[in-house]
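Right, I'll just put the structure down here and ask away after.
In this document, chain identifiers A, B, C and D correspond to the written order of the chains, with residue numbering beginning at 1 in each.
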Amino acid sequence: MQYNKLLEEIFREIKPIIGQGKVADYIPALANVDPRKFGMSISTVKGINFSTGDVDEKFSIQSISKVFTLTLAFSKLGEEIWSRVGREPSGNAFNSLIQLEYEQGIPRNPFINAGAIVITDILISLLDDPYTELLDYIRLLSGSKNIRYDEKVAQSERENGFTNAALVNFLKSHDNIKNDVEKVLDVYFHHCSITMTTNELSKSFLYLSNHGSIPNSDHRVLTKSQAKRINALMLTCGTYDEAGDFAYLVGMPGKSGVGGGIAAIIPNELSVAVWSPTLNKKGNSLAGTKALELLTTKTGLSIF
Amino acid sequence: MQYNKLLEEIFREIKPIIGQGKVADYIPALANVDPRKFGMSISTVKGINFSTGDVDEKFSIQSISKVFTLTLAFSKLGEEIWSRVGREPSGNAFNSLIQLEYEQGIPRNPFINAGAIVITDILISLLDDPYTELLDYIRLLSGSKNIRYDEKVAQSERENGFTNAALVNFLKSHDNIKNDVEKVLDVYFHHCSITMTTNELSKSFLYLSNHGSIPNSDHRVLTKSQAKRINALMLTCGTYDEAGDFAYLVGMPGKSGVGGGIAAIIPNELSVAVWSPTLNKKGNSLAGTKALELLTTKTGLSIF
Amino acid sequence: MQYNKLLEEIFREIKPIIGQGKVADYIPALANVDPRKFGMSISTVKGINFSTGDVDEKFSIQSISKVFTLTLAFSKLGEEIWSRVGREPSGNAFNSLIQLEYEQGIPRNPFINAGAIVITDILISLLDDPYTELLDYIRLLSGSKNIRYDEKVAQSERENGFTNAALVNFLKSHDNIKNDVEKVLDVYFHHCSITMTTNELSKSFLYLSNHGSIPNSDHRVLTKSQAKRINALMLTCGTYDEAGDFAYLVGMPGKSGVGGGIAAIIPNELSVAVWSPTLNKKGNSLAGTKALELLTTKTGLSIF
Amino acid sequence: MQYNKLLEEIFREIKPIIGQGKVADYIPALANVDPRKFGMSISTVKGINFSTGDVDEKFSIQSISKVFTLTLAFSKLGEEIWSRVGREPSGNAFNSLIQLEYEQGIPRNPFINAGAIVITDILISLLDDPYTELLDYIRLLSGSKNIRYDEKVAQSERENGFTNAALVNFLKSHDNIKNDVEKVLDVYFHHCSITMTTNELSKSFLYLSNHGSIPNSDHRVLTKSQAKRINALMLTCGTYDEAGDFAYLVGMPGKSGVGGGIAAIIPNELSVAVWSPTLNKKGNSLAGTKALELLTTKTGLSIF
């Protein structure tokens, strides 16, 4: 398929709505991002990369990091992680405390904040250095040495992150956090602050379209079954309380972040990353979601 | 693929857990079903049928009928139906009133009871005879003339259906029911009472694995895009508040009913129906779910 | 105390806000009431009556009838009624289904709709003729023969009462309704449709300020302890989810209705009824609440 | 009235149930209290004190301190405090986060934890030294110099207080906490750790039975109207989600704490404090509640 031509076509069609919606404004570092940015990259399992727009500019991947932390924890602990976090869509906003209270401190899934915080806690218990090892892991997945934390964002999140501080304390009150709450928050906010380009991000998701191994390498990240399972979780839980609509309109397993990025995959075929900082009401990139919808509509690609 | 051999293998492995769980007991007609029944049928898009167990015995399809009513309403009204029902997983039990109250009478999706009741109301407004026309529709899809309502079940549901009566009255109080509440309930309970065999059921789902048209016929039920969209809805919402687990473990779009049936599909490949009356805690067939998990594990088939 | 002068003073001060708020408009019979009406009557335990404004005009007492039905059921069954309804403030709107679902069909208290419907069901089981006997009971309490149902209101409620139909069906699904749902609704809507004047209403509440017996008669309605308990329930649950504010600002046990009436009492001293059809956001008479607040502020009367 | 004789009678009758229920065990300092302790003190507005049992033993007043902090804040800020906390019963457990999320960080009332934390935050902004000034205030109210914090309890609460840490962070995320979260928690936990005897506690509540001024002194704590309003709040919100039952059975405005203490009042007449460490399921002293019920039953005293 002529992905270059396709990407140009999508970019052209998407232009009128770039900038529609609202940039995340809860911390200055995100509020100040140029709302007119747009980048989109496709990486095929055969190892070819296609891209258009601002594809070499770093942006804050935010919740997309939850896929990497889950993958790392899952590859180390296996099914055991499900004793501490569920696998069901939450039906609520990403930072809600309500369900958590009804369900005694077991988050619905690893892609809402509470669930990702529990995964962070698991990683802290497992790893010698949860800061460095996650960066190295993403460097391996993306094939890029140039993956870093944005300390300014991490710091800013920490100073304003009272909802997440509420979540981690509440989880601790239900004994579902084993480490110190300040430590957990610091590691969690660092993971969220990672910056990547769409080129790096699409490459880093290839293992999920390639049954768990990095294409053109002998590195297996997950078993085939585990990779499918992460994809299933992304489909049912990857885009907050818009997962149903995303599956309906886009038809790809994917994960979004409030920085305006979305990464998604078609098994056996490709991974794709898109970035446009302005968000719709559910907190997903407005133009990014539409760009992915155009991708599946134009190609007929879809898991369904 | 040697589906005959595969089905025998699954049947053999599943035998120890057949009868585990609980038969639905809210009406006598369901409570009296033999808990040891098991049937499984596979229909390929090439038109071949494979089956094992009690595959010619009629059982109550119950909520699986929600796929047929949605398909019929969707084919007639298109995207307009989404003004009255959502497309998101509910995160609650299938008959919950809570979300409905918070969200002012718009059911989360067409596969929870409240959503299916709204779809029934839409069909009553659209069709001359909502009783006969749905039967004829399923006869067309399944290629079997022998599809009927179980009047005893419909009657029994009506006499005990106070939760559904609460739902329809609540929806009416929010002006999301246009017809008479008694009429809506009667049509709804009739749809739920339809009986089918697994052979009939697997054939009747083939249009969803075949991009919207019935294989080996020139009959198109839905557009390709619409068929994908129904599949997406089944994946995120088709198995009540167990949809996440079902996607994770089975990896197929599917729909279950409290009669113990489940129908599911792999696009371009096959549809499958399984029946085992005893249910797990979330209300899905216990052995049926496991049989489908074995199917995707053994074949490597999965949408992910 | 010079209650005549006091009532004139209150009337004068309240005039500017009469008509503020909104008349209940869910049925035409209530929507068409003149929003400028205002009446207020005080009855002392010594048997003297004072009044000002439209005090001989009948209005729909609506939920104030819940005090009479509770009193009648309580006098007949005693503490046994609490196995089917609670005694706690609901913290939610008067017609909410949410708490009912979480608490498996046991309404929080007898003054929200669900609780009063259960009390109606109890009365139907206890009484030969629940229509006539309640009227006779209120005639006895008020000393007025002229207490009747407004059939037009009862009929109109029935035709529009889908929320209450949802409640009664939901209660029935939890086995907390023993009689036919249509019968329960009809009796309940009739009780709500009773019309009274403020003069009649204030007299009919005297037994609650007089420790359970009707003053200047030898008729005991409740034991002293039971009368106190009904007063306690009115204080914590009598004005929907505004009970806290009503206790804080007014300081009297009382019960309101969407017809714009409020009846309240000071033990050993007096009962008072006020009517002004326009309601505040919580569904209580706006001017009526203010008039009662002026009453306790000006007299220093208060249970606190 | 012969309160000495009455107290002996109550003590005798209550003995069989002393020790029933469960001592609060979330921190060691409370878990180790002797479950057989019982003390009860009555102080009349005329200045006489009556008592029975372990009335000179200090216990942790815990949430009863919420009455003192509210009184202090109310006397300084007046009705302005209601912009940051409501006046309605919560209908939920004392430490629930659910309602807080639905109502955007405005706690239902000042007697649930979230509300008291907001009051603490107000005091920190108002007072030079919120630690010393509250102690001095209670010393004034009780006429006892010997009122102190239990630093061990305060420390232990802090180390285990993850639910309250969740609450304060959540309130801060809604901008309803103005000071540093750690500071707020420290002051809050200190207030909860105050120890008093039932003799001290009953005396310290006399201003609430005496219309806002300390009997036999010229010290006015609150206006008459303000004192009534605190009493109204205690009645509707003072005993967690058991306030309705407490009003129904006991009929006095009162406030309980998980240390097993309850303080309550009859306007114009008396205040009473009771202590028995074992709690019922709603978190109120089991024998203490019963003792107060006996008090009002035997004397006929009741606000209703």
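Everything that follows uses one rule, which is that a residue touches a chain if its C-beta (ideal position, glycine included) is under 8 Å from a C-beta of that chain, and two chains touch if they have at least 3 such contacts.
Everything quoted here is computed from the prediction, not taken from an experiment.
Traced through touching neighbours, the fewest hops from subunit A to subunit C number 2. Of the two chain pairs shown, B-C and C-D, the one joined by more C-beta contacts is C-D. Between the Cα centres of subunit B and subunit C there is a gap of 47 Å.
Look at where the CA atoms of subunit C average out and do the same for subunit D: the two points lie 32 Å apart. Chain contacts: subunit A has no residue touching two or more partner chains. Interface residues of subunit B, counted against subunit A in their complex, comprise 86-92, 99, 108-109, 224-225, 227-229, 231-233, 235-237, 241-245, 247-248, 251, 253, 267, 297, 300, 302-304. Considering their complex, residues 96-98, 101-102, 162-163, 165-167, 169-170, 172-173, 181 of subunit A touch subunit D.
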